[in-house]
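For clarity, chains are labelled A, B, C, D, E and F in written order, and residue numbers in each chain start from 1.
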């Protein structure tokens, strides 16, 4: 990275550090409200987590297949650009002009040779390096840049980039372990069940704002308890049922996790666990079952893998849906979700159509997406307006094995890691 | 109340206590701008006043006549539920799930046997007690709640409830005087002129947001000066005129008050005081006077009683209108008003129609409501954007008797009490 | 000014002073992000700059030609009223009632003898002096104002007012140099080229909000670099081109500035500097060139003068357009612009029509206005969401002469002054 | 219930009749809105019959069968009294309003009485403030057709915007 | 492309025919919107043909020729499955919605197949929250005319509000 | 005054004529809006006559009889120059706009000159920002009827949204 002298931390962040009045409760199952509501925590998270030693999802290679292709993206709340240069190499850099700070790129995606900031036309190449500034030598021999002005000292702030099986991750830090070590063997194995190296095909992108703290979304995907209770589409049609064969993995640091579920053939028999599930609609039948039809395509024992990669990525394989959800925090009580849906480049037309049809389950208009989005709003409403205290995640034990489904183990392990990173 | 260990105060509130830079002016008639604009004061008010030793209006019994009936309500900014159990007892508790904090009830009113939080289906009875949690023992003998998990330690946060003559009040504190002692004899007498014990009939509810600090509304109803100047409908038609027989009462602590006015028969003669009143329209006549017609129904000497009960209730009896206005603060510069309008259960159809017709005077579209709502916006605009200083409430003397009408006595007494409660 | 005891500073401002964590970078060309984003800086600017020893533009005399005419205006974020009394004298005072603080005047402009606050009808004359309060002596000899109540102690907060050539400036301070000394000889000369003493005629007013910090607008008009790069209408049609005869003046304190440009006859030849300008469209021709036609009306060597008068005024003479732009800050990241467009009272109908037509260039829908408004949003977006650091304004040298066009000299000199005033 | 589906029509109308009635009501609503949006409130009663009824009703009250109205005028007298109060006696900051009235639908016709509905949205603009949505809702109307001229026998405005921003000055 | 100008009509229509079709579609849209705004979602499929197609498409996906839809129903089965889910199985806070549908324009007519477009805006109101704009966009429709009755063979809703606020429960 | 009540018509029109004119103008406005909302600004001048006049006027200036316009095009030359500038030379972030045009009302007809009015609301959507109300106002139009085809001789847009959010790029 270049001109690091320009990258001093902000007063906001300095002040955010004054959180000495915040005390984490002793009960290991307790989660204090203030991690969802306090703006100082939000500022601190930007620096300690998103700008810290983390690999952040920023793009799929399939979104920028050709040299010159680029997309706008984010790390934490920071707008960035991901671009592929003429040699095919992928770069990522801040979407902030090195001159006066303009967020110069305002298109979702495109193809270009150069990025030109509109204000004063400072011009950057596909690696984010400053290529030229107008009137560098002034006009008629007067004015312009100082004699000692060096273009290379005014590049866009570059990011550390890594790709695996078509997925692009970036970090503000150079001193960080490899992505493979970051995930660890078990998560990497899960990652590779979704991204098995086959070229991907982008099907589309959805975006929505969520009226809640971004961590509530990480929790949601680490929470098998809600999965088997809230979602009629999962419970009634057996996509995720407590009775199914299940596995819950976390990495050694407890920050990443995967929920695996093996859907039985046909409809789940009316087993014991159903009684406890109000969302189970025994009578319900689909007039058009194609939306749930499983077309075998992997030799995985699992029919769904819900992978959370800390801090900003949710990977979901459910039946034949493949999707990446990018978390973009927008303050303590709001975040943006970017739902990138894809298939494999070698899908035939029928399979592509099947994935598109099945996607009715997810997204901001999906049968399951609506449940979760609303539930997260309910929680943020509660912690924002009620008398501050703490919630509890007491289910299961930390020592239990991966097959135990009614557990908050993955949530507790996340917050152990979080407290370390945040110094709380 | 239960699991008090979970009710530690919030960092926001802790930080709100740092108000040492705020100094109340020496002039007893002065009111500093910062009580209307400073977010720290707002936070402190939530804890010291709304969560302090106060009785807060939360419902009319007529809103939940049957067992299982409930309504959403608020104390301060905190969403609560008021419910009537199978034995007819009324309970109030926070609208915040004891599990992860969801604001689980999102309907104005309804009837139920149980409250089920949608996220993980924790289920509460009509008293707010946790009745069941799904998968408490896990599945197939593994997972689930710890062995020592006790339902009764995870009830919804209950409130101290009292009812008088069909009106429901609640408090976060158990160590508080009775409602009757809280009002004191004079205010209680006023309260009973509106609520004489006859069953009430709910006519409807209006809601609006007010772009001002909530205390401005308390002041407005303690301010006979504006009443006789701002409101053409009061002055021109003699509903509230300085020249009328008037009484202004406060309780011994100065926090509650009542403005009583006796409307003369017919139209007020063009007396001395009219000259000073620009809002007086001598020429004005009503094409349809029914809206102001007084149908005698009480042996009270007064035709209007404007009762302010600290901190969140305005009771208004004006001619034949009966209404309760609940104040819900929403930050330093905004609050919600909930206007609950009612009659008596034994009103005949004509009387009910008369009350409904007369209600054109009040509410967010009422002839008088518009005047006040706008005036309060004007004040908030002024104190927010001008150079901070203080306003003055100098009229009258604190020692004067209740018959003196041109006085700010009730406003000054309120703020003496307020400073004590707030430690300012 | 009166009752200054009432004008104590606000807690917000007191707390705003705690900016010890903010450090201005050593590089004289560097400008830190936090001056555009930190709310404490915004509060401090209100007090140190807008309420400090500055002359703030508040009106044109042509907006209030007759006795009793008034307009709403602002100094910093503070709403004020500018009024002409029966003797023709112009007064300015806060738009905040001395009683309870209502912003009582809610019309753009009007004519009146008295200002009556609607809440309790305190009545002020055209100088802002309190003329009367209703029921001062109460009713029937009781209540009302204390015996020692003095009207003259409750006037509206008056401002120090000065006029030059039909332009009205005001200051919260009495201990301030004359407007002429405030501008200094060179700026005064520039001011007088726009306002040569001829009576003005108001053509209209436009208002828009800008999603950026107010200082970015001052910079924009002190930035010849962008002028010659961003604006196709300037570059392609030669209205402002690096190659043109140019002059950049600042006052001795470096807070005010003027950019002068002399447009060549006809279209600028395709000179050297064009190559560097991406916004230059050699091919572009106007189907209707009247919008750019220069009708000679001044003996000035310049065809455009862009004058920035610290802190809230931009004066623009471009071709035959005459305009004043008033800056009204609305928080750290937003401000309002009030574009007042005028001609001379002795313009004939054709000249007035010409000015109106030419005004298509400026304003929130103008060919140039759009460019600048968008550019400023881009910068605020960048400094708000990227990792806080500093921008650079390195062009040119501080010692260079006024003819050097590719320079940030005026920006740097502004911030030297700014740091002194702000104590940063 | 006021918010339920439309009432059956007594005698079925031909497409052409329906279309003519519909466009007549659209014209009526355009003039009604323009009168209010010009601030010419004292003309507002002229859109009603002598016994005309106007009600402004919060949707939650309507759904709960609670009889309260935010505004309620029974007949020309109360219509005129409200118009006069707004024009001459009520205190409020000056404001611009703009109506958008869409989906006019004739739902019944019988003996010169037309029942119809429409959706409305009202934007309010205060000085130096952004334009905001003041209220959206549904008209539930009964018109009297006198020759070419339509008059409102009853207009019920059922508003979705239950949480009223500050206050409603001009009747929707 | 779905957001491009309207397709040429096969046989030119007379003004009168156009006007009649247009007002018929306006009536259709008024009823369609009223059904949804009453929350009567289970009636929604009845506005489509047996093979009717419904799609809700983000404008940026449409412009980039990406095939993904936010909602997608191919035929009556999927239409009914979505209606049932909304009515009975999905968890969401109660809400009011209000449609405004404007600029209905018939763009083609051939063999009883009508192509048309319109603009829509939907307002959403949650309990104790201000009314907010949920989504605005364009209908790109194909109607089947069966005698007097119109049914949707295809409704594509192309929405400008790419950044969806929380979620879309009821189909626009 | 531009915001005052509508001008009297020279010769009274029959209901049918009024209806036909009204629906013709509704079609015109639908196409006008669709052209702008597709971003096809260079087609915009084609909706005007050679001597067509376009003005965008703040309501407070109109009410105060101040002659300034936010945009002003006198004739085809200036219309094309503005269209070209927006399409090729002005710098602004890409945006979606959506018009809603309602209450089209024919207010006069004489010698093939039609005066009409309507209300408009424009929504603007920027990348990764919520849709916002850009402006609402009133069209005050004069159309020239050439056979079947309508063209604008004059369109005055009087906008209520006096406090413009940032800027207006595309003419309303």
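Quick note on the criterion: contacts are C-beta pairs under 8 Å (C-beta built on N, C-alpha and C of every residue); 3 or more make two chains touch, one makes a residue touch a chain.
Because the structure is predicted, anything quoted here is derived from the model rather than measured.
For the pair chain A and chain E, chains touching both partners: B, F. Comparing mean CA positions across the assembly, the chain most remote from chain A is D. Interface chain D/chain E: under half of the residue numbers present appear on both copies, so the contact uses mostly different residues. Seen from the Cα centre of chain F, the chain whose own Cα centre is farthest off is B. To fit its Cα atoms onto chain F, chain D must turn through 120 degrees, a value rounded to the nearest 5.
Repeating the C-F interface with over half of its contact pairs identical by residue number, the matching pair from A-E, C-D or B-E is A-E.
Between chain B and chain D the centroid-to-centroid distance comes to 32 Å (mean Cα coordinates, whole Å). Measuring from the averaged C-alpha position of chain A to that of chain B gives a distance of 44 Å.
Inter-chain centre distance (chain E to chain F, centres taken as mean C-alpha positions): 26 Å. Taken residue by residue, chain E touches two or more other chains at 19, 91, 93, 100, 102, 127-128, 130, 133, 162-163, 165, whereas all remaining positions touch fewer.
The set of chain B residues that touch two or more partner chains comprises 106, 108, 118, 207, 209, 230, 279, 336, 374-375, 378. Those chain pairs judged to touch are A-B, A-C, A-E, A-F, B-C, B-D, B-E, C-D, C-F, D-E, D-F, E-F.
For chain B in complex with chain E, the residues that touch the partner chain are 72, 106-108, 118, 207, 209, 336. Taken together, the chain C residues at the contact with chain F in this complex read 108-109, 202-211, 230, 232-233, 236, 279, 281, 284, 286-288, 290-291, 336, 341, 352, 356-357, 359-360, 363-365, 367, 369-371, 373-375, 377-378.
Taken together, the chain E residues at the contact with chain F in this complex read 3-6, 15, 18-19, 22, 59, 100, 102-105, 117, 119, 121, 133, 135-138, 160-163, 165.
For chain E in complex with chain A, the touching residues are 56, 58, 60-61, 64, 66-78, 80-82, 84-85, 88-93, 162-169, 171. Residues 6-15, 51, 77-79, 94-104, 106, 116, 118-121, 134-135, 138-139, 142-146, 149, 154, 157, 172 of chain B touch chain A in their complex.
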